[in-house]
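Some structures to go through are shown next.
Next come two complexes built around subunit A: one with subunit B, the other with subunit C.
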Partner chain A sequence: MPAALHSYTARRIAQTVLVVILTYVLVFFILFILPGDPIQQQIENPQNPIPAADAKILLQYYHVDRSGLDQFWIALRRLAQGDLGYSLTTGKPVASLILQAIPQTLALASTALLFTGVIAFTIALAAAFAPSSVIRGIARALPGAFLATPSFLVGFLLLQLFSFQLGWVSAIRDEGFKSVILPALALAIAVSGPIAQVLIQGLNRAYGEPFVTVLRARGLGEARIVLGHVLRNAAIPTVTLLGLTLGELLAGSVVTETIFSRTGIGFLTQQAVREQDAPVILAVVMLVSTVFALTVLVTDLIYPLIDPRIAARPIPATADQASD
Partner chain B sequence: MDNDESTRLNLPVLSVRDLAVVYGGRRDRLDSPALHGVSFDIAAGETLALVGQSGSGKSTLALAAAGLLPANGRIVHGEVHLRGERVTHHDRRRWQKLRGKVLGFIPQDPLGSLDPLQRVGHQLAQSLVLHGIARRSEAREQAIGLFDRVGIREPRLRFDAYPHELSGGQLQRVLIAIAVAARPSLLVADEPTSALDVTVQRRILDLIEDLQDELSLSLLLITHDLALAKERSHRLVVLNHGAVRETGDTATVMSAPRDSYTVQLLADAPALSPDKFDALRHARGPLAAVPAIEIRDLTKTFRNRWTGQAATALDKVGFTVTRGAVHALVGESGSGKTTAARIVAGLSSFDSGSVTVAGRTLPLHPPTTNHHARTLQLVYQNALAALDPKFTIAEALAEPLRIHRLGNAAQRHDSIRATLEQVGLPESILERRPRDLSGGQRQRVAIARALLLQPELLVLDEPTSALDVTVQARLVELLMELKQRNGLTYLFISHDLSLVRQIADEITVLSTGRVVETGPADRILSSPSHSYTADLLAAVPGRGSFRSAA
Partner chain C sequence: MTFNRRDFLLGTVAVAALPLTPIGHAAAQTQAPGTTPKRGGELIYLDAERTTSFQLTGSSFWQTSAVINHLLDRLVFKDPDTLELKPWIASSWSIDASGTVYDFVIRRGVTYSDGTALDLASVKRNLEWQSNGDKDKGIPRNSWFPQIASVTTDDARHAVTVTLAKPNAPFLHTLTSVKAGLVSNATIDASRETQAIVTNLIGSGPFIAKSEIPGKETVLVRRQGYAWAPATAKNQGEAYVDSITIIPVEEDSVRLGALKSGQGHALRYVQPSEEKPLVKAGYQVVGVRSPGTVNFLEVRFGAPFVDDINVRRAILHGIDRQEIITKLYTDNWKVATSVLAPGTLGYKDLSAKFAFDAAKSNQWLDAAGWTERGTDGIRRKDGKKLEINIYVDVYDNTSKQLYQLIQWQLKNIGLQLNIKETDYSSYPTVSSDPSVGLRRNGWPSEDPYTLTVSYLSTLGDRFRLKGEDKKLEQLLADHVTAVDVERRAELLGELQDYLIDNVYAIPLLEDSQVFVLRPNVRGFGQTRSYPWFYNTWLDT
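And then the complex of A and B:
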């Protein structure tokens, strides 16, 4: 089994690296090589003219006179040295822009992920095992309601209640961790619906398995059956979804950061896209896709720890083998 | 101690009085209870067999007696006493104290009955600790000892195995170890071996019997298999439609049944009437030695795409099916019998060897379209899976005729009607869908669909093993009648040797992809030349005598 597990791990890591590389190539060529040179455009932008001296430096730095392939190699060499280029609007190094924005977004995304887990978990357990059928019914209806409510609406409602009515948090000032809570809650409510739904399904399915009857016949209490056995059996699809959700939280930060006026990656992205700041866009896309690929990798590597059958039998038997 | 006391007081270990169980909360369900008026006792050390078909209420009875009824089931009348304690309306908490300690439960499907994510040893150790049999530090050693006792090979190694790494028989041993871990007085076994191969089945039942003697256990054995009940139980309760039809000493009930339903059940059990079709066979006379299917040196390997390991499913398999015969292909799961059937039917490729079906030599890789569908048809074990759920029966039956462009609409309708009559189905089912039919009816539809193209050969892959005894008996009678009338040849795949003994003219025994022996049924059944065949035959229940009273 360990041999199978090792080759499984090695393959998944190789796939992840490949995905990140291919994304870079694709995005670079779309932004810089396809017709419609972003740098030239930005220099000639009538609303935001760049002084001739600065323009010259930018043109030299990006080697727009060279062929596409040359530009790509130059960019790649600089990337290896940690040089992500310069913003076309502010002239600041892209790396420092990103580094400034990351902590804001990271605080938001990780708090939101935590909230998501707690909300989805509570709803699912209540929907599957609450003693009162009324509570079960309400809990079952919640994921659908969460899905149907757009996150900007949830955001506005939360602001209305906690900032304007109760005055607990400022809607504008940055108050450290306190300011993270509302946007994180808005995000969590938006993404916890599908997770709760999948977990409810998983719990109900696992609870109907014959092994639960046997556990009960052995004299185990309900709580131990649910928490010790059913939950783990129901968890795999939920873990997948939780991983994908982390990506969604990063992407979703564009909307939430705008509403809650936070200057994280989402804000940076929104600015960059509006100003057609290609180097920043490239860096943001690479950041998001790397995080995405890594989360998927981590969730895939967690599976065998939850379910030993996954590493042992990664490919389902074909119909031929399954018969007899 | 409690055990001895109840023996001394001569109390039954389990006593069920006038029990009625209803599913669903609505009052109108009271008219159609799942069980009504059921009474019986089990004495210490005794085995009571609960016999009945699916839907007879035997599993409901087992669950009610073990306090494991699903949430929508409840006891509306009568009493259940477990070792003198009235448990009729115990809630979960009070049941929990009895489970494991007083009552052990052995489930039907060993593969799904252990938590797939936990090591089997831990699951047993957990029970030992839970019931205070072992302290946490000594649980592992005790569990290993218990594994050894229930016949798990290399128990120390198996302790750390996950359920998917063990075979069905080994898993059932684990479950038995868990059931007896806390020394209960009563075991409830719900069809404990019906998912297992015959040879494994016998060894598991032997193990349960040994443990029974050793731990003076009572056993409530739920089974649909009368032959098994005959061999393994002291007393018998026959259930039908939720009511007791007959109860008494196993030997008495078997030799002199009083109830008409019991008589029917006994007549339908293939193991108890092996020569049912002998007259039919004699009337037909000997078969001419014309081969319908000839297989030589057939080899097929499956390659695991992940590990690259090759597994040989068939290894130089060779046998001949005589035209007009019922040729039984016998073997345990994994023996390659289904693979062989799929190759004969032109559905699977093979690596080498030759396969000739009705004079046509099959290519190594079958074409996507099955060109000899009109010569040979395949009938699957699971008719529900073989029929498109969205098709009405009329559409399902018309499809093969449409594909082969046979006749116009009126002619098709006529031949569908004629075939339905042959398989004993009313025309009224034509507008229904597979899900609305019973298992027996569905299998009849599948057979009708196969017959519509008027094939010469039918490959029947365990066609009756998902059906109840009486339904199976009617279907086998139908198959034999159709064979007679239409001059068909059957390649009949089965693991059920008692059924094979009833119907087969020729037998091929497969084991791990090799032919163990092949030849006329009479010779193989009366004097098998291979020890594997002898083992298979010896494992068939119902051959031995009655179990003597304890």
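And then the complex of A and C:
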């Protein structure tokens, strides 16, 4: 149904744009209402306060002396010209900060997603089909254990072992791909729990369905049944979760990036929120809301490829459920 | 007590003076430290905070100033060992009898790292820029700088003469500060946003900012041909290390783990409980205290109950400072003995005026009518509970435990200290709330002028007295224009007495900045508690 698919896609894109705009407006005024900002911090810096007379220059320069609505229009006009402004704390252009952070986060998120997939599928397959009941039991317990372990602890243990003890990788410097592995592993352990859990349930359910008996009767090997058919049938909820997880990973992980001294989106967010650096927060929020909305959209569009029956049904209903 | 070199403690025992021969305990026994500085190597320094804007005249956050300390030379050098003012870019100076005309003879042959000359015109422009700011570009003036009436240059004597609008006794000390560092025209000409980037801060110092990955690392490299060090610096040529890499590592455990595993050479700030084990393991733990104000609690007038001097006196005497050191800190920390730190001009030991005495505190509170007690042991008067609000200081990682112990001590005299917490960005605003009775202040400083900046009603007015205390206003203002040093010291003595007698400030501890160095780091130095790696070299 290409026509339905097109109108559905167009609607979802419009929704995405609306979500981003509303988020921007909301965050702008929330930041305006909250007390404190980096300019106020500089002025009231207890180690070197700037007297009111000297501080006026700063307030005027940053238009902090104007009303909230005035400041909003100024920001919108600049945004329309593609100007994201400058960080109030570091004075650096926001665009360059974001551009520096994106590759860092992309590398981490994609590696973490790969690890997540491998870990979750391995655990789920072991939990459902391992020949030994002991291994099945262990595999079934792992997702819960992963969920219960705080990611800063995992991160710190990984650093302690591989960086401080074995010295394989620096804890503080960027050594390219080598520096991505540990944080990606820490992230993967943190997010693979629920995915493995859902996949285990899906596999068990699908394995009990009549079509498996039919396939077996046709003389198909157990491996083909599992990998070619059961997995496919069990995959839909897992793909939804993977999509949401990807969104989460792309939004940057504050804890993991801080522990591993990585300067991705998560770190940028954490610093900006800590200092209430409004231009940076707004840019990050726009980026993250766009990424989230897009990953949900893409996930929805992938379903028909996995299960053609979904395309035969009215798409919007299914998609809306999935995105709930 | 005078401020001497033994105050820079190494580890838990003062084994040697800095920065000449830093010796770690265990390391000293197993390996004799080299004495001839070696050239070369990359020094990796781990700070707890990432740097902020490098726009010079505006803000000055600690971690940012620590970087600038290596990039910019100043007219006058405050020797960290003797605390005397020594020639740097100004080879000599004189002040006229009125205290308004300063004459600086400028060293010849100094250049900025962009190749331009640090000449008379450049000094003149820097001084005017510091004093006036650059309003059109949104660049504030250096708020410590006096108003300058005129700056003239004299080619024959290679001198710059500065005439101030009125006498300013702190001026020479102000000129030693990081903020008063000299920069090339290129920096002054740049926009506010350009000046904010460290690589655009062009100075004549022993290091040049080469590159920066925001939030990740800043790399400084040795300035080739540097030959204009402060007169008393041990090293008079180029810096020893090839480069300094400054990396912000927020996580305490990661910062320490990285240093221990050899990924870094020096770090700032460890938990006090870590200090002893580190010294045992051969690391150099350097606690630096330098002049300025001590850590104290300032009274925020208008907040409940603190307007009553009896309540304030009860707090002043109800805090057992020695117990704080013993329970929470190490020998690298010391109790405060005045509002000013030892070594500061006019410093006066007033510890007898605020000795711990819970019985006295109880008497004052009784006298003030706080005689009833609730079941919680806290005093009541007219149905009101004796409680005072305070916010955990976000600029000091140890302040939470510190406040908790003080809270416990004050509970013994029937006063409840409500400790509140807020985030980094809200702290300045939230801790200024009228309901907050006490707030932390006090850091190292070039000059006791910092008290005036904080408390004169026309400047910081942090006691929120709005100029009502005329005597205080006078004391805060008079020492600034006192041309005679002896007279100024006397006035500062009076100011300290006044602040303690009226309990406007409640001294706690001397400010300590703790650094940890690997055993092979030699010649670590500091100026005004900022690290100074100019003399530092890496032994094998």
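Going forward, the second predicted complex is superposed on the first by the 255 of 324 C-alpha atoms of A that agree within 3 Å, B and C clash if a C-alpha of one lies under 4 Å from a C-alpha of the other, contacts with A are read in each partner's own complex, and residues count from 1 in each chain.
What we mean here is this: contacts are C-beta pairs under 8 Å (C-beta built on N, C-alpha and C of every residue); 3 or more make two chains touch, one makes a residue touch a chain.
As the structure is a computational prediction, the values presented were derived from the model and not from experiment.
Q: Looking at the overlay, what does A:Pro93 touch: subunit B (first), subunit C (second), both, or neither?
A: Second partner only, subunit C.
Q: With the two structures laid over each other on chain A, which partner does A:Leu220 touch: subunit B (first), subunit C (second), both, or neither?
A: First partner only, subunit B.
Q: Just checking: does A:Leu244 make contact with subunit B only, subunit C only, both, or neither of them? Give me first, second, both or neither.
A: So A:Leu244 meets neither subunit B nor subunit C here.
Q: Looking at the overlay, does A:Ile306 come into contact with subunit B only (first), subunit C only (second), both, or neither?
A: Only subunit B is touched by A:Ile306; subunit C is not.
Q: In the three-chain superposition, say which chain, subunit B or subunit C, touches more residues of subunit A.
A: Tallying touched residues of subunit A, the top partner is C.
Q: For A:Arg232 in the superposed arrangement: first (subunit B), second (subunit C), both or neither?
A: In the superposed model, A:Arg232 contacts subunit B only, not subunit C.
Q: Which partner chains sit in contact with A:Arg173 here, subunit B, subunit C, both or neither? Use first/second/both/neither.
A: Second partner only, subunit C.
Q: After superposition on the shared chain, which partner residues are touched by A:Phe211: those of subunit B (first), subunit C (second), both, or neither?
A: First partner only.
Q: Would you sort A:Asp54 into first (subunit B), second (subunit C), both or neither based on which partner it touches?
A: In the superposition, A:Asp54 touches subunit C alone.
Q: Does any part of subunit A touch subunit B in one structure and subunit C in the other, and if so which residues?
A: No residue of subunit A touches both subunit B and subunit C.
Q: So in the complex, the part of subunit A that touches subunit C is made up of which residues?
A: Residues 34-38, 40-51, 54-55, 57-58, 60-62, 86, 89-93, 96-97, 100, 156, 159-160, 163-165, 167, 170-174, 258-259, 261, 263, 267-268, 271, 274-276.
Q: For subunit A, which residues are in contact with subunit B within the complex?
A: Result: residues 4, 209-211, 213-222, 229, 232-233, 306-309, 312-315, 318, 320-321, 323-324 of subunit A touch subunit B.
Q: Which of the residues in subunit B come into contact with subunit A in the complex?
A: For this pair, the touching residues of subunit B are 66, 68, 92, 96-101, 103-105, 107-109, 112-118, 126-127, 130-131, 162, 164-165, 175, 178-179, 182, 302, 304-307, 311, 313, 333-339, 342, 348.
Q: Taking the touch rule as given, give the residues of subunit C at its contact with subunit A in the complex, in rising order.
A: Touch list, subunit C to subunit A: 46, 50-55, 58-62, 133, 135, 138-141, 143-144, 179, 192-193, 195-197, 213-217, 247-251, 253-254, 257-258, 260-264, 395, 423-430, 432, 440-441, 443, 453-454, 458-460, 462.
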